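Common to both upcoming complexes is subunit A, partnered first by subunit B, then by subunit C.
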Partner chain A sequence: MNLAVDIVKRGNKRRSEAFDCAKLRRSIMATCHSLKTPEGQSHMIADAVCSHVIDWLENRPEVTSDDLRLVAARHLKIHHPEAAYIYEQHHMII
Partner chain B sequence: MARKYEFDYDLIVIGSGAGGSAAATITAREGLKVAIIEDNVWGGESPNWGDVPAKALLHAANLYDEAKHGARFGLRSATLGYNYPSIRTWKDLAIKRTGAGGNRKYYDNQDVDTYSGPAHFLSPNEISVNRRHLSAGNFLIATGCRYVAPKIPGLDKIEYFTPHTILETLRPPKTLLIIGGNEDGVEIAQLMATFGTKVYIVEESDHLLSEYDNEVCDLIERVMTEQKGVTILTQAKVALVEKEGLGKKVIVSRGGVDKSLRVDEILVAIDRKPAVDMGLENADVKYSEAGIKVNEHLQTSTKHIYAAGSVLGTNSATHTAIMESHVVASNLTNLAKVSPDYHAIPNLIFTNPGIATVGKSEKHCIRKRLGYKKAVAPLSIIGRSNTSDFRDGFVKIITDKRGVVKGATVVAPHAAEIIHELVLAVNCRLTAADLATTPHAFLSWSEAVRVAAANLILGK
Partner chain C sequence: MDLISSLAVITLAALIHASFQLSVSVLLLLSGHSLGSRHSHLRLMRLTTSFVIGAGTMTALLLTFVSFVLQNLFGSDAPQIVWAMACGIMFGVAVSVWLFYYRHEKGTTTWLPRNIADYLSHRTKATKLSGEAFGLGLTSVIGELLFILAPIGASALALIQLPGAWKLVGVAIYVIISMLSLILVWVLIGGGRKIADVQRWRETNKNFLQFSAGAGLLILGIFMYTTQIAGLNLVIK
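Now for the complex of A and B:
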């Protein structure tokens, strides 16, 4: 499900884009896969996190990509703390 | 030459309540380009769902209560009744007459641009309101706080009141369970009990209004139970709530024993959390669930972003938020920065008798091991208690060792008016002798202030 929410990219340097739930789901799945989380568990976690993020976005027409990452990580931490750490830090990990 | 950045506004205020309104209008008057954003009803909590409607209803309740007990003065009040929809109409009129509720036009007249919708920081100088990007050199966050549901099993599955929503109820429920014996809980307990509701209060600590001095707790508990028929369950916790027919079943755990109650409605009067969910991370503003952190000039960790009111996590009263808003306005328009002075802020509870405090309480002095002197003057020793046939209350004054007034508590009819003499005393560092030698009119409630001050001098 895609909401009519605009995502302002980091530093407002690139054009904003519409919220894409599938993209968010893919990113969470990829993080879970990187930690060798079982496929079924990864799907469940991704569904739960996406559902929380969609709830959070309900009354927000525009948020930043950092907000999205932060909120997703906050909920991911409940289900998979290690994945949440990787999700938050992946752009800093060489 | 230093580059001058251009922004849409000099100041953007987020929240049109007590914390934001004064700063917006003052700075606009000083020539700054100002915008204000509100995502709910214009005017914020106090005029729309807080102080104004609650006090309008309490005024009607107190009139009804006094008239009901008028037989001792020779008044015939056996057939006295009330019409709750008409009382609600009176409450709505009171809101309208304050001029602050739904007052968007007021800002337009003050040359303040208005925007409706949730505000969300995109960067330290940019905010988004309904996909519209606004930039400003300074921001003031005055979003107040919101009631959040406490973690009580079953609470998420039933409908319950908050101190805001109960003021909109069509009629007082037959039975009401209030979770939380704080200021809001006690005021609403008295309001509903006066209109005939059987009220239960569940409080985790050992007293109602547990932050207040013991004399206040004891007196208000006695008035509530003996005069209003309220059942007070202290040192108790709600363990479970569930729907049962048209009402609700509540399991209250007290001293290891579970007790089941069936009530028509539940009011949750605890757990107010600052409204901080507005992308503060994007603006590098440090905050926690308890509120936004500010320095003595009310600047957040990002210096051009200020915060005022209960979003600071202090659960401040409307007059405190207004004072903070004035401080922010002053800091934005003057080079010399000022700080809010909290040492003489009055705190009021509009029960009957009313409760008003200022400065340090005895409990605070004991906790901090401060040297202090105190004197209490019960209302029963002054003439007015005889002519009004009202004896439940007292005036208590706290001074330091040299007799300088440091705090006071008034429990009396019109306590909200009596306290201001003591607010002045605390603010101007007057002594008990100053109060005792000031003439106080015979048959005024304020005579108790003079008596308490005189007792301090005499060491009674």
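Now for the complex of A and C:
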């Protein structure tokens, strides 16, 4: 499900883009896979996080990608704390 | 400087080099992307091995290049002024490491300008072939040139004093020791250790690594000063 929400990219350097639930789902799945989480569990976690993020995005016409990542990480932490840590750290490794 | 002292300088300089973390960060990102894309373990190992070989190759090339230049300029014994300059650079880089190496924020973000870090991150994500991983290994060493040039320079000054085949031994010692942190992470990832564990350790201990790198440079600078500059003055008196 895609909402009419604009995502302002990091540092405002790139053009904003529409919220893409599939993209968020892919990133959550990739994080779970990087920690060798079983496929079924990864799907369940990604679905749960996406649904929480969609709820949060209701009534918000524009959010930053950093905010989106923060909210996704907060919900991911409930289901998989290690994945949430890596998800948060992704832009802070280098 | 005698053989043992020269090898000691090379070893300490290589340990300082090993405490710089850009290559480890890139290796961790590369592993994360490879695992996240559900590549086979064989492919993960192929990419990470190529990366490690690339980083080792560039380290060896840089050290031999600097040694070659110094050898051609000064022969097998660099003048005191060059040692004094090297000591000054050591002290300057030591203070810079303490002040700037890690940014004062969450995670393990380094001093690297953000556009270069984003580019490296983007290239890491796009790396699919062993050749690309090898190139990324080369680049990750170049990216840290500003800081590693100090230990490489000190090692090169010690290397040119070594007799014949000992030069090769010195290069081998430097490359192997400077790659230890990278090899350790490579072994951990290959052995199935979670990247979250490695990253958490790095984040927890980043201040210690930063302090030890700076302190190591300071100690190396003081050692070089006392043996090569103050030592000679004492003989003259």
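Throughout what follows, the second predicted complex is superposed on the first by the 93 of 94 C-alpha atoms of A that agree within 3 Å, B and C clash if a C-alpha of one lies under 4 Å from a C-alpha of the other, contacts with A are read in each partner's own complex, and residues count from 1 in each chain.
Methods note: a residue touches a chain if its C-beta (ideal position, glycine included) is under 8 Å from a C-beta of that chain, and two chains touch if they have at least 3 such contacts.
Fair warning: this is a prediction, and the values are worked out from it, not measured in the lab.
**Student:** After lining both complexes up on subunit A, report clash or fit for subunit B versus subunit C.
**Tutor:** Taken together on subunit A, subunit C would fit alongside subunit B, as the superposition shows.
**Student:** Look at A:E62 in the shared chain and tell me whether it touches subunit B only, subunit C only, both, or neither; answer first, second, both or neither.
**Tutor:** It touches subunit B, and subunit C stays clear.
**Student:** Applying the touch criterion given at the start, work out whether A:K23 contacts subunit B, subunit C, both or neither, answering first, second, both or neither.
**Tutor:** After superposition on chain A, A:K23 lies in contact with neither partner.
**Student:** A:L70 contacts which: subunit B (first), subunit C (second), both, neither?
**Tutor:** first
**Student:** Looking only at contacts as defined up top, I'd like to know whether subunit B or subunit C touches more of subunit A.
**Tutor:** Result: the larger residue contact count on subunit A belongs to C.
**Student:** Would you sort A:E82 into first (subunit B), second (subunit C), both or neither based on which partner it touches?
**Tutor:** In the superposition, A:E82 touches subunit C alone.
**Student:** Scan A:R14 for contacts with subunit B and subunit C and give back first, second, both or neither.
**Tutor:** Touch partners of A:R14: none, neither subunit B nor subunit C.
**Student:** For A:D6, decide between first (touching subunit B), second (touching subunit C), both and neither.
**Tutor:** In the superposed model, A:D6 contacts subunit B only, not subunit C.
**Student:** Between subunit B and subunit C, whom does A:T31 touch in the aligned arrangement: first, second, both, or neither?
**Tutor:** After superposing on A, A:T31 lies in contact with subunit C but is clear of subunit B.
**Student:** Quick one: smallest Cα-Cα gap between subunit B and subunit C in the superposed arrangement, Å?
**Tutor:** 12
**Student:** Which parts of subunit A are touched by subunit B and by subunit C alike?
**Tutor:** Touching subunit B in the first complex and subunit C in the second, residues 11 of subunit A appear in both lists.
**Student:** Where on subunit C is subunit A touching in the complex?
**Tutor:** 22, 25-26, 28-29, 31-33, 35-38, 105-110, 112, 114, 117, 120-121, 192, 194-196, 199-200, 203
**Student:** Would you mind writing out the residues of subunit B in touch with subunit A in their complex?
**Tutor:** 117-118, 120, 122-123, 126, 128, 130-131, 279, 281-282
**Student:** Where on subunit A does subunit C make contact in their complex?
**Tutor:** Against subunit C, the touching part of subunit A is residues 11, 29-31, 33-36, 82-83, 85-86, 88-94.
**Student:** Can you list the residues on subunit A that touch subunit B in the complex?
**Tutor:** Touch residues, subunit A against subunit B: 6, 8, 11-12, 59-64, 66-67, 70.
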